[in-house]
Amino acid sequence: MTNLLQIRKRNIGRSPDDLYFRGGKKADSVRLRLIDFNGDILKEDTVETVQEVLALRTRNSVTWLNVDGIHDPEVMDEIAKGFELDRLILADVMNTEARPKVQEHSNCVFVSIRMLQHNDATDQVEVENLSIVLTRSTLISFQERAGDVFEPIRERIRAQKKRIRNSGTDYLAFALLDIVVDNYILVTSMLGEKIDDLEDTLLSEPTQSVIDRINTYKSELNLLRKNINPAKEMIQSLSKLESDLIEDSTDIFLKELENNINQATESANIQREILSDQLTIYHTTISSKLNDIMKFLTVFSVIFIPLSFIAGIYGTNFDVLPELHYRYSYYIMLCAMGVVAISMLIYFKRKKWL
Amino acid sequence: MTNLLQIRKRNIGRSPDDLYFRGGKKADSVRLRLIDFNGDILKEDTVETVQEVLALRTRNSVTWLNVDGIHDPEVMDEIAKGFELDRLILADVMNTEARPKVQEHSNCVFVSIRMLQHNDATDQVEVENLSIVLTRSTLISFQERAGDVFEPIRERIRAQKKRIRNSGTDYLAFALLDIVVDNYILVTSMLGEKIDDLEDTLLSEPTQSVIDRINTYKSELNLLRKNINPAKEMIQSLSKLESDLIEDSTDIFLKELENNINQATESANIQREILSDQLTIYHTTISSKLNDIMKFLTVFSVIFIPLSFIAGIYGTNFDVLPELHYRYSYYIMLCAMGVVAISMLIYFKRKKWL
Amino acid sequence: MTNLLQIRKRNIGRSPDDLYFRGGKKADSVRLRLIDFNGDILKEDTVETVQEVLALRTRNSVTWLNVDGIHDPEVMDEIAKGFELDRLILADVMNTEARPKVQEHSNCVFVSIRMLQHNDATDQVEVENLSIVLTRSTLISFQERAGDVFEPIRERIRAQKKRIRNSGTDYLAFALLDIVVDNYILVTSMLGEKIDDLEDTLLSEPTQSVIDRINTYKSELNLLRKNINPAKEMIQSLSKLESDLIEDSTDIFLKELENNINQATESANIQREILSDQLTIYHTTISSKLNDIMKFLTVFSVIFIPLSFIAGIYGTNFDVLPELHYRYSYYIMLCAMGVVAISMLIYFKRKKWL
Amino acid sequence: MTNLLQIRKRNIGRSPDDLYFRGGKKADSVRLRLIDFNGDILKEDTVETVQEVLALRTRNSVTWLNVDGIHDPEVMDEIAKGFELDRLILADVMNTEARPKVQEHSNCVFVSIRMLQHNDATDQVEVENLSIVLTRSTLISFQERAGDVFEPIRERIRAQKKRIRNSGTDYLAFALLDIVVDNYILVTSMLGEKIDDLEDTLLSEPTQSVIDRINTYKSELNLLRKNINPAKEMIQSLSKLESDLIEDSTDIFLKELENNINQATESANIQREILSDQLTIYHTTISSKLNDIMKFLTVFSVIFIPLSFIAGIYGTNFDVLPELHYRYSYYIMLCAMGVVAISMLIYFKRKKWL
Amino acid sequence: MTNLLQIRKRNIGRSPDDLYFRGGKKADSVRLRLIDFNGDILKEDTVETVQEVLALRTRNSVTWLNVDGIHDPEVMDEIAKGFELDRLILADVMNTEARPKVQEHSNCVFVSIRMLQHNDATDQVEVENLSIVLTRSTLISFQERAGDVFEPIRERIRAQKKRIRNSGTDYLAFALLDIVVDNYILVTSMLGEKIDDLEDTLLSEPTQSVIDRINTYKSELNLLRKNINPAKEMIQSLSKLESDLIEDSTDIFLKELENNINQATESANIQREILSDQLTIYHTTISSKLNDIMKFLTVFSVIFIPLSFIAGIYGTNFDVLPELHYRYSYYIMLCAMGVVAISMLIYFKRKKWL
């Protein structure tokens, strides 16, 4: 049994508001980054403690606290106390294995989703949990490790683009989820392109390596689907949620989000069908090649069988075997063999066996 | 990574109301065509700027502005301002990869759908995005490139056919979508006919080229389904939409549209089953042909095996091998071989192996 | 491209209330048959013009006008005017390719369905479109060609059976649809019987003709399913329809109709599974037969291989080959061969290869 | 065409309230059995005519009339008149091919369902139609032939068990349906057990008889599913039915019934998957056995091929063939053959082909 | 027929409130364990009779009675009387084969579910039925045998953890179900890990034992799915239940439970797909290995066929066969054979048959 299973086993029966970290640790320390903004002001800082955050918040502004690293129960506890959040929420944040979900609490909305990001260095898709806690004036986002996926949003905030600077935390939450979903579409498209590339080599060189690649892509696709499908459910619940914290003007963006994630799942489904078709094509090609070989070789053998038989007859040592003594017997035999071979070839050609 | 993927990657995190073109450019310039009509009047013109359009509109008329080419953010911006449309809508128009959808805005309904058209020259199905913005008195349709799919509608308007001349923008929108769906049915039927043609060659000449055609049709069908299925969803939402902009009298036409698109999807599904059946038939035929060959050849070999064995025995050089010295041994051996061969043939015939 | 496709292509973009005939013409002339009845009176006539029909109608009676032949736009136009029907309805009647549907109009209910009828002469299922327009006092039924499917209903009307003579147009419509659905069940059962008959020959004589019959039945079944499934949807909509024209007392009959058509679709689905199972059984039987052959023949060859090898050794011409000169060598060799052959047979028997 | 089909064909277009028997006759005469009971009294009798039944009924009691044999239109007509039932209901009772259904009438609820019963003598599942007509004080159950499936209920009534003696007709109806569903579970479990038994023989002795049994069980399972699935639908409708005739206290029993029938369908579905898995396992085992044989035999042949070739060379009659004249040539040849054979064996072993 | 089937057969037609034990007996005696607690007090005891329990209950406390062993109708009867429960509920408790369900009664909520627990000793998953009866102040849990799955909850109660000590019976019920679902996730993950381990051996050593393990895992997975899927339905009904006995604050925990069980079913579904993929990979690998062997061996045979034929020709005994008498004939023949063999090898190499 692996470590993970043993941890899981030990934790069965724990109270749901226990703050303990479930999952593999991906960061060494916790980093708190704060952006506080509205149409007019913009403060950006990296802080040390939750207390600092509380001090830095401006009245009438949107405060975005980004937490990189979710393994430290003490920080979580401080956050729970500082922002008056139910401990259940923080316990959920620390559980990286939970399914994506939306939960409405009395003073906040809790959203969790998996981020999929293509690591260009390793050519692998990396999975990370993102939790978002949305209150009236503050949005806290929790990531498992430091990373700059959300840099474009920070850019938009800094650039004083109107909509995000003048909207509330709900629009900010949408912007974060939008980037996550855009990455879904990107990783799905990247896989799709690899799968399309396979198509050509499939017919020309159906080697074992092709089948290995099909299997690899299949399990990569399973990874995507396993993460995207529950996210789709979550976003559907979110766009149906009737919460005071989500303004009517944000509804249209959530609908858009639904549309986008549908695009990702549809494209994943299509790729799945394509992979399964490719597998069929592979097998068809392989077996048709083998059949050609077997057919050729069998026909080849069959032509020689009667020839060898004839030679065998004249290899017998009977005292009385008149043909042996005619002068042209040997040449007649050779001619006969040629006739037999050629007529068999013609027969096979006609039957389209060659 | 292809260009498309790189563009997509660069655009992750953009604000949803940013006007930038997503997709491959299909037209060089933007062309604005205007038809302004009601029961009495009819004006038709190609204009240069959005301002001209605004000036040409008549009171109490339906104004149809057709925009060919959607890659120019400036034109889009002008349209947004001229018709007081949310910039989000125009951003959607410029995104040719978005899923077909219906969106209700305060002053308009936005509809987008993929047009499928069979290009007779290349024998290919061409895909193009169509966006329709429907306001009380104006309908703006956006196409990716110039083309005259909608010519029959212009003809109907010119011909002073009553219903379209006396109806509002909603009926015009229906007419446009109706043509799109009619084209769905057409391209599906055309593919269906090709697939039916395959049926005959399938049994008579099951060559590799047949399997290639099946695979080609399969991917063509996937293209159709990928575009038609989301359109079906969209049209269902549209016919459920309760908007002031869509009059009750148009409802029956939208129902009709739903019926038509159902016909297209059903026919695509049936073709899919047929293709999959054809693949099975192909494999059955091929493998049954191969089996016949192998069976024939094996039986053939087996008949000669004991014959050659007999000849082999009398080819041995033992000092004492009495049969060699009888006068008719050779002829007896030949007869014995004939008997063996014939009885084996009879046996195989009886067992239905031949 | 076939004629049908070209017609379809030409008609893209036509106004939905254009009266033009879509489909293959199946009748030469239009025939109008009229039955006018209530509990007391009964008039039956074949008329020439729509005007005659209008004149013949009695007050307080049910008028059933049956139109055989739907290709003539003029007759359709007359009917539209005579009975004050929306031209859309007649356009739908003339479109034999439309999906079965129910449409509620202000003064009538429009129902269309495919009739399937087994032609005993050709042993083929014939498909024909049936449209029914239901007003308060008149029912118009449109068939593509003359035929007497509805003769039993006429008999029931003539026989003064109480329910049909005392009921309204809605019960008459039910009676017509009921016959159509009864025919669905009949043709499905007839196919089902053929499929069951196949079962026996399948195991005893799995020849190519069996597979051809399976494929034929499969496409016949597809034809049925393609027509029955949309009819099921239509009847479900009909029984949910809340129209003044359909009395509460008719609801129970419509439910019955739903039940019956469900029976037809279920039975079609089961037959589909059976066919697919039969295909599997066929392949299993064939491949197991082939395996038996190959196994037998291979074993046969293998037994002779060492025997021929032994004979080959004693066919060599070495100067010193002592065995050749012993007196009983030849007989010993024959015995040795027998021993080898028999022990191999025993070995194969034990391994269950024979 | 079979008789059944011809009967069906003749009956197309009949009025739905015609009392004629559809199906195969399973009983010679009609038997009426009456139980009349409440908490205090209990009368049990076999009666001759419907009039007797009406006379025997007690005020304030539950009257259960069980009718064995449904082929006699006269008896049906008497029942319709005696209990003031719509003739439609009795027509439905006589139609043994109709789907299970629930129908609410003004004065009664009509329920029909298929009974499945395992006949221990023939080891076959027998199918029989059960119809139940439920009025305020009377329950009439119709069976196709005499049988004592309901004996346990009579026992419960006689035993003065409280609930059934003090409940109304609705509880009695539940009790009847409960027995039917219990039998569903029983026959499904019995089949399930046979299928489980197959598992062992499948791997040890994969003979043709195994595949025949799999096919037999498959069609038995299809029979069960064909009857149980529509019954499930029917029971769901029944438990949703809001009728005065069904008291609230009975609801919980109907829910229970739903649960039980779900259990039957789930178990049937699981068995279906198991059968399909077994088929796969069978084919895998068979083909892997055949592969072993072919591999063995091919390797065997291949070893002898070069040996025979060597012997063939020294069987040639060239004047100059020096090896023939060395003293130990023959022995050297035998040794060489041994070396070739053994090294090939080693090679094949290493490649894991043996 | 097995014992179980015979018991089942005997019990058909029993009244639903009969207290008799259905299933295999798993415990010898009945054990009653009582915990009575609220924020302040905590009593824990093992009692003998139901009367003791009633005496031990405190006012304003939560009483948790755990019953190990459900086979004794007398104890069940006492419980029914002591806690004023409907006998139906206890009959359900004693039926270990019923499907998981939620039932609302006037004074209690009844919940039943299957517990799955991995037995580390036997490496088997054990299935046990858990029934929970939830009243305002008392929760009774019924297990089939003694076991300490719920020990962590007792620990939490003893440890005076706030939430469970201060919550009602509904939270306690959630805590019990939560442990059950956590075990679902655990057993599913453990199986998942075994399946993942298979992946490697699959490609390197595709032996029969691999296929046996795949089949074993498949049936283990079926066992899980058969138990988890109905539990999911049950939990969905529970979280939709509007009962006074379940407080609003517990709703969020039930939602969590739903999320968790969804995770279990999703993971089971994914494992099912993986197993099915593995089976395909296995067959592909096996058949590609076999193909390699057959190809190699056939090519090998084919090369020797013409060589043996040549030797055969010069083994004939014709009087006139000039080649036999040339001096270098023998060497020429050997060279010719070499040339033939090598050119065939080259040909096969080029055609990629080797």
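General remarks:
Letters A, B, C, D and E mark the chains as written, and numbering starts fresh at 1 in each.
As a working rule, a contact is a pair of C-beta atoms (placed from the backbone, for glycine too) under 8 Å apart; a residue touches a chain by one contact, two chains touch by 3 or more.
Source: prediction; values computed, not measured.
Considering the contact criterion stated above, no chain is in touch with chain A and with chain E alike. Taking each chain's centre as the average of its CA atoms, chain C and chain E sit 42 Å apart.
Note on chain placement: the centre of chain D and the centre of chain E lie 26 Å apart, centres being C-alpha means.
Residue positions of chain D touching 2 or more other chains: 294, 298, 301, 308, 312, 315-317, 321. In the cyclic arrangement of chains, the order starting from chain A and heading towards chain B is A, B, C, D, E. Residue ranges of chain E in contact with chain D, taken from their complex: 1-2, 4-5, 8-9, 11-17, 88, 97-99, 101, 103, 105, 208, 211, 215, 218, 222, 226, 230, 279, 283, 286, 290, 293-294, 297-298, 300-301, 304, 307-308, 311-312, 314-317, 321, 323-330, 333-334.
Touching chain B in their complex are the following residues of chain A: 150-153, 155-156, 161, 163-164, 175, 178-179, 182-183, 185-186, 189-190, 193, 252-253, 255-256, 259-260, 262-263, 266, 270, 273-274, 277, 280-281, 284, 288, 291, 294-295, 298-299, 301-302, 305-306, 308-309, 312-313, 315-321, 351, 353.
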